[in-house]
Structure formats: structure tokens, C-alpha cells
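Here's the structure we're looking at; comments come further down.
So that you can tell them apart, the chains are marked A, B and C in the order they are listed, and the count of residues begins at 1 in each.
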Amino acid sequence: MEPVLELRNVTKSFGGLRVTADVSFSVAPGSISAIIGPNGAGKTTLFNQITGYLKPDGGKILFQGKDITNLSTREIVTLGMARAFQVTSFFPEETVLDNVRVACLSQMNKTRNLLKSVSVFNEATDQAFKILESIGLQNVADRAGFELAHGDQKLLDIGIALALQPKALLLDEPTSGMSPEERLLTRNLIKRLWKEFSLTLIFIEHDMDTVFGIAQTVRVLQMGRLLAEGSPEEIRRNPEVITAYLGEEVL
Amino acid sequence: MDFSFIVMQFLSGLMMATLLFLVASGLTLIFGVGNVFNFAHGSFYMIGAYLAYQTVSVWHTNFWLSVLVASLGAGVLGMLAEALFLRRIYGRADEGGFQILLTYSFILVIDDLVKLIWGTEYKSLARPSGFTGTVELFGLSIPAYNLAIIGIGIVVVIVAWFVLARTRSGRIARAAALDREMLGSLGINVPFTMTLVFGIATAMGGFAGALAAPLRSVSPGAGIEVIIDSLIVVVIGGMGNFWGAWLGALILGEVNSFAVATVPDWASLFNYLVMVLTLIFKPEGLFASRKIRRV
Amino acid sequence: MNQSSGAREIILLGLFLLVFGSVPFIKQSDYHLMLANHVLIWGMFAVAFNMLFGVTGMLSFGQALYYGLGAYSVGLVVKNYGSAMFLPALGLGLVLTIVISILVGLLVIRLSGVYFTVLTLAFGQLAWQITFRWYRFTGGDDGIQGIMPSGLLENHTVYYYFTLALVVVSIWFLWRVANSPMGLVLRCIRQNPERVRFLGRRVRRNQLRIYVISSFFAALAGGLMAGVTNSIHPDMFYWTSSGEVILMAVLGGIGQFFGPFIGATVIIVIQDVVGARTEYWSLIIGIIMMIMVLGMPKGLVGEIRGLMARYAAGKVNRG
């Protein structure tokens, strides 16, 4: 099967600092995979390049067989890629409903309309409520984004991405800053969303229970280099990964 | 166009550039270090000019003393404005917009306070003794005061270079995109530093205003003209960048000087022309110290 | 300005029409009519400006450019071709504004934040300089006098209702924009432009759209004003005009759709009461601005709404 996402020798430096060093991998359609690695390994920067927010210095990125290396974020999103952020990103003064609804309207290409009230776009509203139910925020639909607890804001960020009906969804540390209980819930939620929306899902994560609990494939990034790639079992046993990142306790 | 014309205009442009640079570098200092946009920076220039007038023409003291008084006065007023008002809006959501609004209110208030104190009529100031005549150079007669200003500008650039390149505070100031949090983590008393830097910046404005007072008449409303020219300078040079301000001032000063001599009625339009060209070809400025995200 | 029930909209509109429609009947002199006209025109200008600032987060310090353009289009055409051309001249100003605001907009939206503000200010001052210096074409410092609207509009009351109708339609249009999907996107751009890109939207394209829309109504305000005061001057392009509309928006409340209209009303009333007696007008508006920024950043309407909400909540708690 043709991979959904393919990176070929992607390279990126900031000044003298190599943050992406010759990274290549393919992501199978409908898969769920994790990217792990120490802070500063270049994980977020990799997401930034995949989503067109930063241009790689070299190499190629293909999405559904199409070269997206030089496309803008907008074009890449339109092709079906969505993303949630490590530093939670949403619209703090809008209601939770409108946060998701604006994404639904954008996906339906209705945002050029400037004479009809948002509230008459029933399809978008229904879709937004459906998403809010999937992520469990339907009861706070009327609250402003900034009023939510941190964990709920992380979910809202994911909800906005989901509302774009993406084929591929990229989550950057979805459980960071959450309590252990929230983490468990989020882990199950991610797995459920992956199935419910038939996504190809890639997530960056530091919580090893989440990584090894739900990922089919794990990729390890260290100093911009792809150190290892394999099933959770393989990664867990990989001596290089253990010395470089996991340490002994994971075993 | 003969050679002497070109030299004369070049020197006059250099003098304008020096004054522009002195004002713009204060504006860019507080923006680069403190992340504060002081829309009222030109008003502190105006205060400097009035203080110089007051010291020389009313109190009949020495001109160079008046430059000192003007710088200190503008500096102290700047520190007061920062400590009493600006400080209250740091950290607010949409702080950038509120900075503009608040410093805009400074312009309005300062304009009228100046009118209350000194009246609306134009004030003029004699050139300091010893600098009233001309100097013969390359067979040309050049106003001595113009040369003095250019000289002062050179000294300021050298001192600034030394401070920026060689001292700890200079290095801190130079590390672009310094935010207040980061200053705090370096073990620096942030509120005091902010007030001080703001004061230094407005003192530079006052200094330039005093130096310019014998060349241009002093009147209320001078603040806004000056701020717009300095803004063009920093747009050309790249905001928050010291050397960018220098280059921007040089370009603007020279363009202005030659425009004044050739098409006097439309000279001021050339400032905007330079700005528009910069915007079209290099919107982040010639010397952008940090990449502006174009959102 | 989020949800709007149709009923509230209609009540508000009715009240608005009742208050402003009755002015010609209760006025004591033509002066009052002119005052009400100023409120309407500046109110619309401020509401349109706020679509840029309060809604989209673009603080333009150069809307006077379009205000002046609208006024001078009317003034110059009427001066050269006669009163009969008043309405076509108004239209011409609007068309010119669309063209110029697209060109200028393409330049100024390349930068954001403070830079955007600075650039809009510079373009406004450029327009002022040109008007001021181009004496033979614009009359320079003298401005243009005797701009009379033609036909029925010559009558002050008719002109007043003409203005009222245009202002109501304009504000209605802007209200629709504020509540539309595009309005939602604009609010999102202010709060988090990066995320809007990740929704697959063009941030700058939307900023340009609202810049043109807002400028269009600034020009309409200028053109209508030329018919009220019958004379125009280069100060309409001057940065203080831009500053005044900003003050109105901030005073009323930039987070409220109608806030700027209230702000315009208050400023014009203060100007009427105090302005005649003092030459220190900028001290007054400077202090107002300072108080608003430091103490009441939500503006009059925003703070009153906040108080009302707190009072209502208190009553619920006690009850």
C-alpha cells in the first residue's frame, strides 16, 4: 500500500544547529505511530516541516504521493493534514463551540461568507457538536476557551484539528501537563478517535505508557537523527535506544 | 550639478542623519531591549528642545549645559512615565496595542502641557558661541555647528559601539528578542531596568531635541513630525536594531538633503518613497535583527 | 457580539431609528441636527474602524487616509463639476477607496503588530502631505468650501435622513459581517493567527478583506461629512483624525460591536460642551485615553456590561 506520508532525507539546521539530520521514513495509511526522543531532539521541528510551517533545507516530503515540500501550511491542511500543538493552541476568547465550529466552517469552505450569521450553518454546528461529544467537551460548549482547565484545553486543541476531517492527524505531546488520571483518559480517547475517524495518526509523546500502550510503530529521534524505528517491542529492546533515551527503568 | 554642491548637500544630509539617528536609536533601544513601543518618543525630543530653550533663552546659561539639562529632564520624565503609567500594562493580553494607545495619550498630554508652559508661538535658539560661523573645508564654507553635530554623532556611535560590544549590559541589550522574563532569569531587577532603559531612551530623544533646537524652530506638535521620521528610519533599518537605525538614518538624511535642495516643495514625500520601496522589496527592514513572523 | 437573537436585533434597530429619526422633530436649531449628523457619521466610522482593531486586532493609525479620500473626492468633483455631481462623487470616492485600500493594504499587511500601525500612520501622513502641498489641485491649507449637495439633499432635514439611511444600512452590513463565518475567522485571527493558518485559511487575505471593508466605510463617512459641513480641509487626512476614531472605539469598548458608536457619541457631546471653551482639547482626550487604557480597558459599554453581569450574578446568589 502506498504510504500516506513519506519523508526522504529531510534536513534542517538553525544556524549551525542541525535539528533534522537526513530523516527518512514512511507512514502506513490508517496506522497509529509515535515519535519519541529527548527534549530538543527536533520532534516539534519535524512536525513543523511536515505541516509546511518551516521549509526543510533539503529532502522531500510526500503526502498521499504528492510532493508537499514547498507547499504552504494552508495548502497542506487543505490536502487533509491537521495538527494539535505542544503549546496548546486555540482561540481563548471564543466559546468552545465556536473554536470547533470555525474549523468545521473552514473545512466546508464557508468562511468567505460575510452576510449570513454563523448560527444558520446547521451542518457546521451539528458537526461541531459531534466532535465535542467525541472529545467529551459537549457540556462546556458555551464556555470561553480560556476558562477551561489545561487538560480540557489540550482536548479542545485536538478537537479543532479533528473538525478539519483530516486524513492524517499529528499530535504534539497530547498528554503533557496532565494528571495521571487525565493521561489515562486521553490515551484511551486518542485510540478511540483514531478508530472512529479512520485516521492516520502520528503523535509525539514523553509518557511511555501512552507510547507503548497505543502506538503500532515507534520512531526515536535523537539530535535530529532517526535513531531507531520499529514495533514497541523492538524499540523497548533496542540497546541504542536504551542507552540514548529510555534508560533501564522502562525494561 | 557641481562638486561643491554635492559635498555641501552630503554634509547637510549627514547632519540630518545624525539627528535622526540620535532620536531613532532611543526609540529602537527601548523597543529592542524592553519590547516597548514608545509612540511618544518624539514628544520627549520636543521636551528636550523646549528645555534647551528654557535654559538658554530664559535662564541665560551656556548652551552645552542646556543640552545636559534637556537630556536629564527628558530622561527623568521618561522614567516617571514608565514607572507611573506604562508599567501598569505590562503583561496584559494585547499589550502591544495598549502600549501604542497609552503612549499616544502621552503625545496628546505632552503637546498641551508644552503649550500651557511655553505658549503656542515658535521659539528659536541661537547657535552656541564658537559655533556661529563657518569653517573652510575643501574650499567650501560649512556651518561650524553642522560639523559639531556630525562630530557628536561620530562620538555617540563609537561610544555606543563600545557599550554594545564590550560591556555586559551591552551584550544583554544586543541579544535580540530579549523578553522581560528572560532578563529576570538572568538575575536582573527587571522593573528597575525597564525604568532605567526607558529613561536612557527618552534622554537620547531629549539630547537630540536640544541639539536640533538651534537649527529648527521649536514649536508644539514637533513631536509627531519627529516620531514619523524616526519610525521611517526604523522601518528602513529594521526595528530594534541599532546599526539598522544608523543605516536608515543615513539613507533618509541624505535623500532628504538632496530632495530639499532640488525639489523643496516635495522633499518630505521622498521619506515616504524610501519607506515604500523598502516595504516592497524588504518588508522586514534592511537589517532585521530578528525574523518578523509575517502573520 | 457572539450570539444574536433576531428579536434583540430588531428591538435595537427600532430604538436606534426612533432616537435618531425623531431628532428633526425635537431639535431646537439646525445646530442640533448637525450634531446628530456628526454622531451618526463618526459612529459609523468608529464601528467600521473597530472591525479592523477590536475584531481583527489590526490597529490602523491611518484610517484618516480614507476618510479624507472620501471627503476630497466629493469636494473636488463638486467644486469642478457642480453640485449635481454630489452623489456620483460620493460613489467615485468609494470606488477609489477600494482600489487604493487594496494597493496600500497589500503593503501594510505584510507586517503585523506595531509595524502595521506605524505603516498605516505613515501612509496616512503621506496622503496628508500630498493634499497639503498640492495647492493647485486640492487648495492646500485652504481646503475647499461651499460643497453643496444637490436637489432634495440641499435641504438639511432631507440630508439628515439620507445620512441616517446610509448609516443604518452600513451598520447593519457590518453587524452581519461581525456575526458571519468571516467575522468569526477575523476574531480568531486576532487571538491566534498561527492557528488560523492551520485551519487552512489565508490570514493575510482575510486581513486585506477587512482592511478594504473598513476603509470603504471610512470613505463613506468622509464623503457624507463633506455634505454636512459643506467645507473640507487637509486635516481630515491628518493623523489626529485617525487618533480620534481610535479614541472613540477605545472609549466605547473595542470588544463590543456598538461600543465605538457610544464612544463617538460621548466624544462628540464632550467636544460640543467643552471644546468651545478650551483650547486644550488634546489634553482632555489624552487624559480620557489614559484613563481608559489604565482603568477601563473594556470601554464604557464593556465595563457597564461587566457590572450588569456581576449584579445579575449577585442577585442569583442572594435569591
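Assorted remarks:
Following the convention adopted for this analysis, contacts are C-beta pairs under 8 Å (C-beta built on N, C-alpha and C of every residue); 3 or more make two chains touch, one makes a residue touch a chain.
Quick caveat, the model's predicted, so the values are computed rather than measured.
Nearest to the global CA centroid, when each chain is reduced to the mean of its CA atoms, is chain C.
Centroid distances from subunit C, each centroid being the mean of CA atoms, peak for A. Taking each chain's centre as the mean of its C-alpha atoms, subunit A lies 42 Å from subunit C. Centres computed as Cα averages put subunit A at a distance of 47 Å from subunit B. Put simply, the C-alpha centre of subunit B and that of subunit C have 32 angstrom between them. Shown for subunit C are the residues in touch with two or more other chains, namely 194. Those residues of subunit C whose C-beta lies close enough to touch subunit A in the complex are 2-4, 173, 176-177, 179-185, 187-188, 191-192, 194-195, 197-202.
Listing the residues of subunit A that touch subunit C in their complex gives 51, 53, 73-74, 77-78, 82-83, 85, 89-95, 98, 101-103, 105-107, 110-119, 121, 160-161, 164.
The touching residues of subunit B, when paired with subunit C in their complex, are 31, 37, 85, 88-89, 92, 94, 96-102, 104-109, 111-113, 115-116, 224, 228, 231-232, 235, 239, 265-266, 268-269, 272, 275-276, 279-280, 283-284, 292-295.
Touching subunit B in their complex are the following residues of subunit C: 53, 57, 59, 61, 107-108, 110-115, 117-119, 121-123, 125-126, 129-130, 133, 193-194, 203-204, 239, 243, 246, 250, 279-280, 282-283, 285-287, 289-290, 292-294, 297.
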